[in-house]
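A, B, C and D label the chains in the order they appear, each numbered from 1.
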């Protein structure tokens, strides 16, 4: 059952609403014996934090994580890690006009249909503040992954905003380069265009979408479960569970549809008997038959433009009558920069889970 | 744990290899009281069957399903439905030259790394013959869905093959139109071009990819579980678990990245108090915040060109030495026509599961 | 996976160690629309609280629960309910002498073998303080059960302490009678003997075991899943997951082994066509074939004497050398009185889960 | 979800009714690389088979298992193992008089309430023929367990029938001794008394209950998951899911209730630094804090007398009217002898699952 729990062995259960007391979660299945670097976890939260730059929402939250269990003398004990991040800067009154009115293209109408009621303040549970728990869960997972595969490294970045696409999409880039600009795009020329586009769109009270690319290095061959638990299927579910995600592809993805098999085959050649073979290309995106092949895992996640506009939109209220909504809440004109650490987090959790599952594959 | 079991409440557990005794499965969680039309199930298997037309593989299998349990006097009893489809037309000797050689861009190398061994005959478990179980599971699910929501209907079709795209992609089409040609494309002009392309590619010993679009009508608002069990995340995992799938999108999908929020918002207007509102557009693809909104659910699945070429390819063997492979097995030059009923099946199972889960949402 | 998560649809994920920052959890799958009485939840925590009487441990904790999410205007919203109970009265220094020494018949040696390390302070995660989360989860579940089945009522009580057994074991008793004495035994004569026994044992620095009986009234026929999810199997797993539980039985239980079928059959007679039949006896304990039959559900849970003695015991340390342990921590001489609300909690969570699962049984 | 699937990593999904086409299942999560001894599997089925002696039911079934997948050249490949056992000797007409009449203390009334209908022939899914799948799943698991822990061995036997209890209950006995008599009791004197009791009861058209004891040797310390997945809780759920089981205990079990802590503590002494300590007693039954401690795991399962009597019993029919039932089906006067291999099977599956889960506990 995958409602508010993610994963099979390494599992994150999350809770919390935008304007509730706190966002938090429980990490279960964390292996014992990992010396946790809590500063590294907080750094990932800071990369997700609202208000970090001119191109993100003005909501001001320090988003400090408090760990409640599962760690002794700085080392994981194998017991569940509970954590909370208190909400501080609610402006719940901003949302009073939405108590009975549905924001179009949001979760308002659908939550109301599902549950018969909803928390209208800041989107309640459907708010992207929920992703705080993912970032914590992912940052912890990353440290376990490192302990298992010292060479593992995730490179996630904004590869497209609106009609501005970077050059060199699909390669691996270091964090310094990625975080050298607010947009988190390693192509500094494109980044500047993206930044301008976002500010322009913001000025108009509009929003814009884009793509995050993630490349994972250092995962050995063998991870992923054939058939229903294919590694890319698990990654797809992980990524599409992020707010505003609309599409997922790996390797050649949608572009591969237009190609011939002979153009797409990743031939192999020997590096010597007993050695891992060399792959002459990576159209497979590091996954074949649902199982990692040791090459870089390459994937892309499409994000829609946020549906909150600072202009009047036609909608209905919960009695079914016509209404007009003029949103006042604080929102991102483009989610991409802040989506980057969330994509990293989902990748780390999925891969650690796959690594732990894989321990049961052989006698 | 999602290795060979799909679903939460309605669950398919599948087994079987390409050249083993049989393919089969167990359907658990089927509600009692459904009068099963087994002919309709067999018809879906026939649509997936190899050898059905000039553009599919020549392997000849009747693929008759035998039900072993869970049905009494033609009605489901609520107990698990076991079923088997015997394999008949093995040509295992075709694969003898692959016992130690890895087919590039297949699951051979990765299975070997995961399990330390593999069944090399026809791809073993990684063969698309495994999807027989999905088609049975989906056809049974479809009948339960119909019993719950009489207006439900799935329309899946080939919308692209290589660089040939249909007109009218994303609309709902009837089965008669879709199955009026071998390609299963409701645009008969494009279908003819696609057919020609596939035959051309086949003649060259090559293969080609494409896209299947699926549109589901008649699902009420409220299905899907927020956060990690978003309806589109469940659909993505379902679709990307199909062999050769490389990407998934819903609603505006990847194209939405380039658009502004103001172009994408699905405004609503009243149909009268107490009535379901009218959505003025469906860029959301029928899902908002991970929950269905009552509009058509629209999604696309990208399939790569099959990696089996009838020409020599460079590879390595399981000792790590260089090798050359000349495949002899029987394969589809393009999986799209046969992928259509599999996409339908995965959609039906996912939606039934979501419908049953949703019964627990309220007191 | 059932490590720190209990349940299928209604699910409690718990965290926290005896001497950590807090005990807490996340309740997922709570149906929306239940007006929560938080005082009733706190009352159950108070019944579990240490230091409530002369026959329980002297550790002093107020154990106030703080809810962090999932409730709006006092009503459940269908989103996860996060909660924490802060730890206050640690005496971690009491446990310094146990850092390297294993308490015999506790979880010390086994945790160390499993995880390579352990939190030695107050038993860490293996402490019965973990049951705080169960009591909260159970008290919330009970309110949902009431909303679904207004007549439902759980009666749990101490039916045996050491060699003192009550009269009238297996019947249903009201809370007033049960809580009329510290032991929580509705037979006031036996209760007085039990109380004396516990105080006597305590004086000797020893401990004593016993039995909790639970009777659930008002559950309709049909709950429980045949085969591996039999209602009594789910209840057994629930009850045996409580600290110090050693055995579970339902209906005639172990005593039934000595009986003939003809003595055990629960005959039925008509109450009139279309009416629920009358059962002439309840040897089945309200469950037949793993499914509730509408009669009272009757079960018993055996608890061992706590393994912490206030005298010297022979043991080993984590280097494998002989050691002598003289425990100094504060412990219950008999867990039975405080086990009663925990048994209630596990019963309520299991039955609510079964009730929600059962909604999927039929079309 | 645990309806017809058992286990977390090593998982058995079963299907089939008493008078359906076949009983079968799918074993998922079997590690690759185990050379399967299929004769050993069939031998366990033969020990469960009806008609094997004068004290079991006269139904005649050869119960030959056919494996359909997951094995190549006699070795497990890591893919799911499908299997079927065809039903042969139905006497469905024996059950025609039960189409509308509920057998008291069976699952008839409760299935009907749950599903709105039921398969009345031989109990349908509630028949103990379902346990065929368990025996296959358990025999396969046993071979994997042996491959992981070469010293592992399960000893299960009938320790009580009615009021006849064996001497030496709780010790480990070899298969030769256990199977030296029809009752499967290693105390040959008691076995003879039990046999006489069963024949006596059978002659009266009555039935009798009893206890199976199981002792597992060779499991190392560390298996079992703390809190909700305690090893004994998993074993309890496993055992209580067997037809006719009414109680479960481990170690001192219910008898421990009457004892003092000082009598129950399992002291430890050093075998030398770095060696596994010696436990001076085993009142814990090999499990402490829900985790194995390396000692023999000792448990007992109570079985009720079968509810099918060959005499008239008062009941009701599915219209709610009074009825009288005179059963004609073939049934065991005592399930104990045939329950022994089923208890073994459930123990093997649970322990293998725990062993595979445990691989994820540490970095």
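Before moving on, here are some points about what is shown:
Going forward, a residue touches a chain if its C-beta (ideal position, glycine included) is under 8 Å from a C-beta of that chain, and two chains touch if they have at least 3 such contacts.
Please read these numbers as outputs of a predicted model, since none were measured by experiment.
Interface comparison, A-D versus B-D: the higher count of C-beta contacts falls to B-D. Using the mean of the Cα atoms as each chain's centre, the chain most removed from subunit D is A.
A separation of 38 Å divides the Cα centre of subunit B from that of subunit D.
One finds 45 Å separating the Cα centroids of subunit A and subunit D. Counting only residues that touch two or more partner chains, subunit C has 1, 3-5, 8-9, 14, 29, 32-33, 78-79, 114-116, 125, 226, 357, 361-362. Considering their complex, residues 1, 3-5, 8-9, 11, 13-17, 20-26, 28-29, 32-33, 66-70, 72, 75, 77-82, 84, 114-119, 124-125 of subunit C touch subunit A. Residues of subunit B touching subunit A in their complex: 1-6, 8, 14, 102, 104-111, 113-116, 125-126, 130, 160, 162-163, 201, 206-211, 220-230, 232-234, 236-238, 240-241, 246-254, 256-277, 280, 283-285, 287-294, 302-309, 311, 313-316, 319-322, 357-358, 361-362.
Only residues 1, 9-10, 29, 31-34, 78-79, 144, 147-148, 226, 356-357, 359-363 of subunit A touch subunit D when the two sit together in their complex.
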